[in-house]
Structure formats: structure tokens, C-alpha cells
């Protein structure tokens, strides 16, 4: 009962936040609110038992997206949205209202929230719940569906991330010098001492935690994607506290680009190996002595590929944004 | 041994090559890698189509999991045909791309450029071959994201804004598609297309299915640039680098049409679709699209934009074909997909060649170039005739079939619209030819030569294909008819 | 008992959210976002116990970490105006308006 | 009636969020705001999917001794993919915004249109 | 039993502090005093709740994770508060030394 209650309260909060995002014009405040929005939605996912999704949404929405948005308003030096009066608002409004009405019409027939007899719960899904643990040997069904049953989707997902990395490099990767900073000052860090000490202490912890998430993903919430995001968050934190140049000394961008490609290649490569061993693409069962052992090994490898690719790409994206306009 | 894995190799080979291309050194190596990959894929796609036509539908279980639990690749004549179009165009584009891209793309971005190109190619093939509706979404996003990036590489700053506009429209479309898939899933519990087709008839009276259907169709229509959702297309095609314009115009919208056909004719039950106003809406959109886009095209002064509007008009013909939903009309649609890829490919290549020589393609700045670049000019003439639908070119065949259907269905207004559309096409192609050949050369333009052979050869391959498939219809129409029968639509 | 605690946290979440919405300065909002993050962490932790799913603690941990990174990023931006320079930026423009 | 409302509240709130996000995308002229609106729109779709996957009294789809009822893992997997797609799109969109600002000096749609037409 | 009662007291105390902190964010007139209200109660509230939970859990991996969360919050909150106040000072906001009616802005 309490979960339903929390669910409803959080949903109301999130609705209020969304309206505020729409109505505000100060972009900085909007991005702050977007952080809250992501936290709220992540909590909702947690309440609705989607632990892996909650994990990812928090790391991606409240973490990476927000930081990138901040970087963008810093680069565009725009704090305020201009509200134009000339816009005709009735057209978008009517489009939205029609869309919403069609959707509400569509939901009238939906089974009630949480109904265990709903068609979504009774056709394909029970197979995973009944068989996944036995067939792949992993307790976390989300991981086994993600990496094995629908492993090809996940390959696509990694490629999407990789594409984003390529795209951002294509757009922002070139040297762009802004005119007003002629002096090449030495990066002297003026960030407070406290922050630096704390960061030095926390970053190793975060890295250890990322590794835990990477390899614990078979048993609990987590996996390659989440681990990659957390690891990149650690380096992002390092960059924020110690400066961009220091971060690039620790991990040179050229290495990151190779790592990004490597991650995708590991995933695709595992599939090619399974073909060579006589199975279908991404059929991990042929990798080991027994079916379950093969599945286990395959999932471990592809999760590793995912982790590496996501870590490298997100970091490349962040560093590219952060380094834009650097004197 | 590899025979059974043909369909997956088609996607995996470019997928494997893309990250490698990204880290190759500058120079021509990334291009060579892309060239080899696309040519191999073209051959594989040909073999795939052959085997499908011979032995029937191929089902490939990814990960070894039986559908609907795992993802399935399901190849029949329709998507094998599409895969052949996509990989064929890619294979002709690449030899052309070498010089054109070197001229238009900054040197240090070349490896990433070919990587993105391969990713886009992978995405398009992935959409085509899959039998899982969510997988369509994933690969749709791969191809879309890479095409946004590729479009933004155009040299004018408008390339950035048009890429942004496309990004917003494309993402809205993809999200609409996602909403639709979610709603359909909530009532059927499955994502596999064959399984969906089996389960949808029992639930097709529910509101949720209607809403889901509407959202999926709207989402694809956005990607397809169906009139009036086409607003992103003219800008995107105008400002993208020449190579990208030619590749996307010949493949991206075609693949979206394919998804539309698949959803309308193999996923949803036909008696469900016929109760909705979908067919009429397509006819309406087709008629409005043909007329308005053709008229717009006439008034354009930028040649690329002119051709982009003409693409919108051509999508109108395709929409007409889908709207009639008969055996002949769908055959016409498929044939037109193929032919339009050929003619727009040839035309955009020729325009790209002009840009290669003079750096722009404004109507005023190309005066007299036809006399200086006879081969390129020849390509434009044949491509243009094909676009108009002159007998003896590929364009005539598809229009002919479309007119036949319209007469069959007593839709005289469509017949008139198709004819008027051709007339308008004659006007804008005429304008183009006049500017190229009959106007005196602009003084500010230096005398130019014909473009190098590596650009002419691909152009003329497409030009000759336009003529060949205009004279010999057995192959295209035969395969298309076979494919339409596979979709479950038969001649009465 | 867990119910009472989660309710208390929800109430404070509501209050913090109101502060984030009302502003008026950017610093108020940042503080609110930070506090909101902390409260969410606590909510998830309490939820983990009330539902007996201690896996949720991992999520709480990630929230705490992301919250910290986010706040540091905001701070850096407010102080320096970009992620790469170490010169003090003119930040007056950020702070004053009421959104 | 009450049951019906409680049983559909989740869907309706996510639809409301979709409308808000969609409206922000198509009515606002600021390019960053459009992207934020798009994010709101996408998150609301995630909410819809997860609402569909929830089973009352079910537990998270991680095998535990003695637990019989799990929520549906499939939409979770789909949404994980969709979240990643979302962040990829956001990153690309923001990169475009940065370049547009560099090329035009503004990120307001109206002003960009004006600049393009006065050329 | 004793442990149970103790943990309940801690949890409730934490919850109460959370509400007080929330009210504090509205009670005070300027950034610094609000920051003070939020910062102090926030850390203590987190401490109490996590300690209460740890008592419930006994000694296990769970306690370890709770401790980790605790360390995180312990470090992050004061650091964030400090950096925030710092940034606010640099940003030109002066602390309000006397209470004025409706004085919200610098």
C-alpha cells in the first residue's frame, strides 16, 4: 500500500516539476529542475521495481545529460530563453491536446496498473521469468534478457552510443579557437582545498564501486552500461576538480577513442566468434563446455565490451564539450 | 557454412568495420575500408535475394533463441529487395565519394566521416532485415543519429540548423513509434512481427490498438517525410554534403517506406487496416504532396533544393500506391522505390559533380555548364527524363503501373494528378536543362572540365541502369510482384 | 514505522521542491537540488528496508555519487563560467534573475 | 470508478508529462529548451513502459529464493536501451546547439531564421 | 529489542529533522541562512536515518553499503554547502545581516 502511495505522491511531484520546466525561462534554473525531474523519475522506477532502469536513469538523466546541458549553456553563454510574442501558440497547443486525447482514449482499455493478468505479463515475459535463471545461470533476469535473449538490441544500443561519440567528435572535435582569450594561462587550480581532498578520497571509491557494478550486474542491479557511466562520472569529477588538462594527462583522448572502438569490437567480435564456432550470431552457448557456462562467459564478455565502450564514449563526449573553446 | 548466416553478415560486416574506420589514420584508408565493405555487402545482398526468391522465407534466430523470445531476422523477397537497393546504392556511392568528400569534408574528419557513413548504412540494413519491431527502433536510431551528424557536415551554416531541425523531427517520430510499440505490446505481450500478426486479430477492436497503430504510422510518416510532415527534408537535402544527399535521398526514405509497408501489410491484419481511414489519408497526402511539392520545386533557385522538393513529390506517388493498396499499386510502389533510388541517385551525383567543379549549384551560377561538362549534362538529361516518366526510362514503368491502378480503381482524379505531376516535373527539369545548356556561360565562372572518371563512372552506372530497367522490366517488376505476393496481397 | 519515515521524507521532499521552484536565486536552487538528491537517497534507502530489497542500496549509492558530481559541476560552472578555464567568470548574470 | 482511476493514474500522469514535453518541443524557440522538452517527452514514455511492466505485489526481476511473483523484465530491457538512445540524441543535439551558437551567435529559432533570410 | 527501539527513535528523529530542514528552507530570509538550515539538518538527518537502518540490518554487506552511502553524504553535503556559500559570495550575494520584511533578494 505504501508503495502505491509513494508512487502517487512522486507522480504528482514530477508533474509539477515538468510544468515548472515548461514555464520557466531561466535556462540555468530549468536545468537544475531537470536534474530533480530525473531524480524523481528514477525514484519512480525504483518504486515500480525496475531497479536496473532506476540505476541507469539516475546516472544518465541526472548525471550525464545534466552535465552536458550545463556545458552547453556555458558554451553558448545563454542564460535566459527569449519568449517571443509573435509565436502562434494555438497550433502547437491543439496538436498537443489532440495527441493527449488520442493517448487517453488508448489507455481506457489498458489493464489496470499492476494487473498480473495483463497480456503484457502473460505471453512472452513468463518464459524469461521461468527459464532465464536455468538457461543462463544468472539470477538477474534483466541482465540475461539484455545480454542474451535480446543481446542484439543491446549491441544496437552500444552502437547508438558509439554513433553519438562519432557524431560529437565530427561536430565539436576540431580545433576551435575563440578570439578573446589570447593569453595562454597556466591551469592553476583555484578550487577549494576541501573539494580537492574530498575528491581524492572519493574517486578511488567510485572506481571500485564501478567495478563492483560491472561484475555484480549478473546478480543484482547493474551491468556494463551502468558501470561505464559511473566510471566516466568518476573521471568527470576528476576533471571538474583538477582541471581538464590534468584529466587529459591521466587519460589521453586518443586512447579513449581507441577504447571506444574496442568496446564495440569486443561485442561484435564475440558474435563473430560464435558464428565461427558453429552457432548463430551471439549464441553464447557454443562458447563453453556446457550451455550455461558458455552463456555465462558470453554475457561476461559482452558486458565488458558495453562497459568499455560506454565509459570511453561518454568521457569523450564530455571532454569534447568541456574542451570546446579552450584557449 | 556461411550460407545460413548471410543475412546477419550483411549487418555485422559494416558494424564491425565502422569502429575500425573511426581509428584508421587520415588519408584514403578509411575510404578503402568502406568501399570494400559496401561492395561485399552488395554481393551478399544479391546472394540473399537470390536464395530467398529460390527457397522462400529465411528465418534467422539471433543468439540461438527461438522467436518470440529472442530477436529474429526474417528475410523475404520484400526486405531482401530493399537490402539490395540500399547496399547497391551504397556500393555505387563510395567510388564517387572519394573525391567529392575530399573536397567537401575537412581532412581530419575523413575517418570519422566514413565511420558515420558505415554506421548509417548498418542502421538502414538493420531496419530492413529485422523481424522484431523494437529492433527496428534501435537501428532506426543508429541510422538517424549518424545521418544528423553527416548532414551537419555541409559547408554552409544552414547545414547545422537543418540537421537540428531533422534531429527534432526525427526524434519526435522515433518516440511516437516507441509509444505505439509500447501500447501494442501492452495488449499483445510480444514484439516479434510474425507473432504480432498472429495475436493482433484477437485484440484489434481495442482502443489501445487503434491508438498504437496511429502513433506508429505517424512516427514512420515523419521519418518518411510524408506530406505534410516533410518540412525537414528540403533543408536537410539541400545543405548536406553532396555524397550524403545522394545516399540519403536514395535510401533513407525508401527504408522508411519499407517499414510502412511492413507494418501496414504484414503486421496489422488487413481487415483492421481497412476499417481505419489510413488508405484515404495516404491518397489525400499523396495527391496534395505531388501537386504542392512539384509546384514548389519549380520556384526553387537552388538545384539541390529543387531536387529535394521533387523527392517529396515522388514520395507522394509512393503514398498513392500505398493508399490504393491493391496488387498492382503496391507493385508500382516497390518498383518506384527502386527506380526513384536510381534516378535521384544519378541526378544528385550529377549535381554533386557540378558542385565539385564550381562549388555551388545556384540556378544562376550553372549557366552554360552543360556544354562544358557533356557527360554530367547527359546524366542530368537521362535522370530528368526518368523523373518525368518518359517512355524508355525506368521512371516510366512505375508511373505506368500507378496509372493502371488508378484507372482500375476508377480514381480519375489520381490519374489527372499523376499526369499533372509529370507535367510539372517536365517544367522544372526543363528549367534546369535550359539553365545548364541554353543560357550563356556566366563570366565569373572559369572554364571547367568534365569531372574525373571516378565520379563519372558511378553516375553513368546509375544512368545506364535507368535506361536498362526502363527497357527490361522483367527483373524489377518480377521481383516486386513476387515480393507483394509475399506481403499477402494478391491480384484479384 | 518505515511508512512514517518515508512519509516524513516525502514531506520534506515537497518542501525542498517548492524551494527549487520558487528560487529566487540560483544558489537557492542549487542548494535545493543538492538537498533533494540527499533526500531521494534516504527515501530509496528506507524503501530498500521496507520492501526488503537491499539491492536498492546500490541505487541509493549511485544517487549519492551522481548528486555530488552534479553539484560540483554546477559549482564549477557558476564560479568559472566554463569547464576548462580557471579564470573567474562574471557570474552576476547567472545569479540575479528569478526564472 | 475509484479503482479505475487508481489503476490508470500512472498512465495518465505519463500522458500528461508527454503533452508537456511535446508542447515544449514544438512551441518553444530556444534550442536548448527544445532539447530539454524532448528529454521530458522521452522520460514520460519510459514511465509508460515501466507502468506497463509493473505487477502488483511483484518484486524486482532478480531471482530470489521464495519469491514467486516478479515484475516483467522485458520492458525494463527495452527502456534501458531507450534511455541510452535518449542520452545519445541529447548529446548530439547539444553539440549541434553549440555549433549553431558559434555560427549564428544566437540559439533562438526566430533570430536564426532572420539571419538566414537577410543573407 | 533495545536495538529495535533505538533504531526507531533514530529513524523518527531523522524524519523529523528532514521536515524541519524543509521548513527551514522557507523560513529564513536569505541564501546563507537557508543554506545553514538545510546543510546542518540535512547531514544530521541523513546520519540518523542511515544509522537507524544500519541497526536494523545488523552487521553485513548491507551495513557496509549504508556506511558507504553515509560517507558519501557526509563528504558531499558539507563540501557542497561550503562550495555553494563560497560561490554565492563570489557571485556577489551579500549575507543579509538584519531581518527585513520580505527581503528575499540581495
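Note that the chains take the letters A, B, C, D and E in the order they are written out, and that residue 1 is the start of every chain.
To be clear about the criterion, contacts are C-beta pairs under 8 Å (C-beta built on N, C-alpha and C of every residue); 3 or more make two chains touch, one makes a residue touch a chain.
Everything numeric here is computed off the predicted structure, so don't read it as measured data.
**Q** Between subunit A and subunit E, which partner chains are common?
**A** Touching subunit A and subunit E alike, sorted by label: C.
**Q** Stepping chain to touching chain, what's the minimum from subunit A to subunit C?
**A** 1
**Q** Taking each chain's centre as the mean of its CA atoms, which one is farthest from the centre of subunit E?
**A** B
**Q** Quick check: more C-beta contact pairs in A-D or C-D?
**A** Between C-D and A-D, contacts are more numerous in A-D.
**Q** From the C-alpha centre of subunit B to that of subunit D, how far is it in Å?
**A** Distance between chain centres: 28 Å.
**Q** Measure off the straight-line distance from the CA centroid of subunit B to the CA centroid of subunit C, and report it in whole Å.
**A** Inter-chain centre distance comes to 47 Å.
**Q** Roughly how far is subunit B from subunit E, going centre to centre by Cα mean, in whole Å?
**A** Measuring from centre to centre gives 58 Å for this pair.
**Q** Compute the distance, rounded to whole Å, between the mean C-alpha positions of subunit D and subunit E.
**A** Computed from C-alpha means, the inter-chain centre distance equals 31 Å.
**Q** Counting only residues that touch at least two other chains, what does the list for subunit A look like?
**A** 30, 51, 71, 75, 103, 107-108, 110-111, 118, 120-121, 124-125, 128, 150, 153, 156-157, 160, 163-164, 167, 171, 195, 202, 209, 220-221, 321
**Q** Using the touch rule from the top of the page, what residues of subunit C touch 2 or more other chains?
**A** Residues 2, 13-14, 26, 30, 32, 51, 53, 55, 58, 61, 65, 67-68, 72, 88, 94 of subunit C touch two or more partner chains.
**Q** Give the residues of subunit E that touch two or more other chains, as numbers and ranges in rising order.
**A** 68, 72, 75-76, 79, 83, 86
**Q** Return all touching chain pairs.
**A** Those chain pairs which touch are A-B, A-C, A-D, A-E, B-D, C-D, C-E.
**Q** Within their complex, state which residues of subunit D touch subunit C.
**A** Going through subunit D, the ones touching subunit C are 59-60, 62.
**Q** Considering the complex alone, what residue numbers of subunit E touch subunit A?
**A** Touching subunit A: residues 68, 71-72, 75-76, 79, 82-83, 86 of subunit E.
**Q** Okay, in this complex, where on subunit B does subunit D touch?
**A** 134, 137-138, 141, 145, 148-149, 152, 157-158, 160-161, 163-164, 167-168, 171-172, 174-175, 178-179, 182, 185-186, 191
**Q** Hey, which residues of subunit C end up touching subunit A in the complex?
**A** Contact set of subunit C toward subunit A: 2-3, 6, 10, 13-14, 17, 20-21, 23, 26, 29-30, 32-33, 36-37, 40, 43-44, 47, 50-51, 53, 55-56, 58-59, 61-63, 65-70, 72-74, 76-77, 81-88, 93-94, 97-99.
**Q** Which bits of subunit C are touching subunit D when the two form their complex?
**A** 51, 53, 55
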